[in-house]
Amino acid sequence: MKMTQAELTAFLDSEFPQMRPLKLRIEQWDGATLRLAMPITEQNLRPGGTVSGPAMMTLADCAAYMLLLGLIGPVALAVTTNLNINFLRKPGLGDLSAAATMLKLGKTLAIIELSLYSAGVDEPVAHSVLTYAIPPARRT
Amino acid sequence: MKMTQAELTAFLDSEFPQMRPLKLRIEQWDGATLRLAMPITEQNLRPGGTVSGPAMMTLADCAAYMLLLGLIGPVALAVTTNLNINFLRKPGLGDLSAAATMLKLGKTLAIIELSLYSAGVDEPVAHSVLTYAIPPARRT
Amino acid sequence: MKMTQAELTAFLDSEFPQMRPLKLRIEQWDGATLRLAMPITEQNLRPGGTVSGPAMMTLADCAAYMLLLGLIGPVALAVTTNLNINFLRKPGLGDLSAAATMLKLGKTLAIIELSLYSAGVDEPVAHSVLTYAIPPARRT
Amino acid sequence: MKMTQAELTAFLDSEFPQMRPLKLRIEQWDGATLRLAMPITEQNLRPGGTVSGPAMMTLADCAAYMLLLGLIGPVALAVTTNLNINFLRKPGLGDLSAAATMLKLGKTLAIIELSLYSAGVDEPVAHSVLTYAIPPARRT
């Protein structure tokens, strides 16, 4: 672990000010699983009261990125190169949370898996796998 | 073609009011390719002036959905079941646009391919394939 | 559970005779996880002694299909609609095995996740998510 | 273009002897699109006379790899890191062919798109996007 939960929270707030309206909060970070929660607001809802796909993808991308930084530290300017997401079930109106774990942390690529949960729904509402390219600077 | 460009524009505005801040506009719809543009604002930018991945995924999902409705009409409550996106190049600060085409329109599944372009960048900045499940109602 | 391990083994042998040269064997099926193993032979190797990607994809597709049949029974003519696989680590020369679990079993779609292991390598060598379309017959 | 069609054909034959039974043949290579064909035999068929998914994935992986080598030359030991494939339509019993193009050739990653065709079927039967990691040796 290169960054603690408090350090990641501070980093998220200072480096991604445009994310503040989403009120993301890191709920767990133990060096293996990072859990990031997002309250559901009017803005995230689709007609019929469904959480929008883009809201879920934003949460997934952010959770995976926090996991990666937690493991390699804040120096790296890693970029998402691939995101694959399967939407499994209709989320409820409660908070959404993502639990991310590392599938492989290589020198140039990191592959992360995560499940998305909706408060009040037992099984995951979405499942995603993301790949990040890690720039050479990290490797020196 | 079941909906015209004007009908899709009106539908997007009335059914997705929470998308209005994104100022999406349909630039082309000829029955085969739908092109949807999104102006880049402060809110879509990441540190370092890069358009955020979630902004691109939002545009991709919306463009694909508009293409699908253009072909099957507004009755269907289709839902995204899978999105796969590869981020290819760093977008510039100009408008982003997505050009979506149908790979397969089946009875229960629609598979759509799209390329994302950034004004001022010649080659596509991202490429995505999306799957939508079409509810049985459509099939009657 | 609609089919037992023995029933699945018999089904695989009788319905997929062209798979016999692969000597696939179901090692576990408890109603939740299905584990399918494949011995590595000359035919599956790439130059340099690496198991080929197609061999791993064949195993993944077959394991996921067996899991699906185990849960819905042999009547369905389900077809793969999407396969996404990330290759994580170089496999060794030992047997390959896939552990498949159901992410979502819906009326028309089944989404399955699996990890591929190589005997002698601790962590998974590949991770895959597959989607199958289930024909209407199943739903009656 | 770093390798010609004849050079790629010779490379495929000498470096991948285990592929010989598939009788793959490069039909086109113009520096932008590589088309690889595979005759359909008993071995590739599923019950009911459908070409198997693994046969299509093998063809996809091989076509993408030939395209990559055509562009960067035979020195690189590139490895597939991700394959995503959507199966669109039932193939016929005629030859299968893959038409591959480069989406992005970067220093460490190459992203390739391809469509699979079945002789006698007008529209593509599958669509795939593959990512290859290019080892540092290539970059010196």
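As written, the chains take the letters A, B, C and D, and residue 1 is the first residue of each chain.
Operating definition for what follows: a residue touches a chain if its C-beta (ideal position, glycine included) is under 8 Å from a C-beta of that chain, and two chains touch if they have at least 3 such contacts.
These numbers come from a predicted model, not from an experiment.
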For chain C, the least number of touch steps when starting out from chain B: 1
In terms of contact pairs by residue number, which of A-B, B-D or B-C shares over half with C-D? A-B
Comparing A-B with A-C, the busier interface by C-beta pairs is A-B
Would you mind pulling out the distance in Å between where the CA atoms of chain A average out and where those of chain C do? 29
Taking each chain's centre as the mean of its CA atoms, how far is chain A from chain D in angstrom? 33
Counting only Cα atoms for the centres, state how far chain A is from chain B in Å. 22
Where chain A touches two or more other chains at once, by residue number: 81-82, 84, 86, 131
Counting only chain pairs that touch, give me the topology of the graph as line, ring, star, complete or other. complete
In the complex, chain B residues that touch chain D: 84, 86, 88-89, 103-104, 111, 113, 123-124, 127, 129, 131
In the complex, go through chain A and note every residue touching chain D. 81-82, 84, 108-109, 131, 133
Residues on chain A engaged by chain B in the complex (per definition of touch): 15-16, 18, 42-48, 52-54, 57-58, 61-62, 77, 79-87
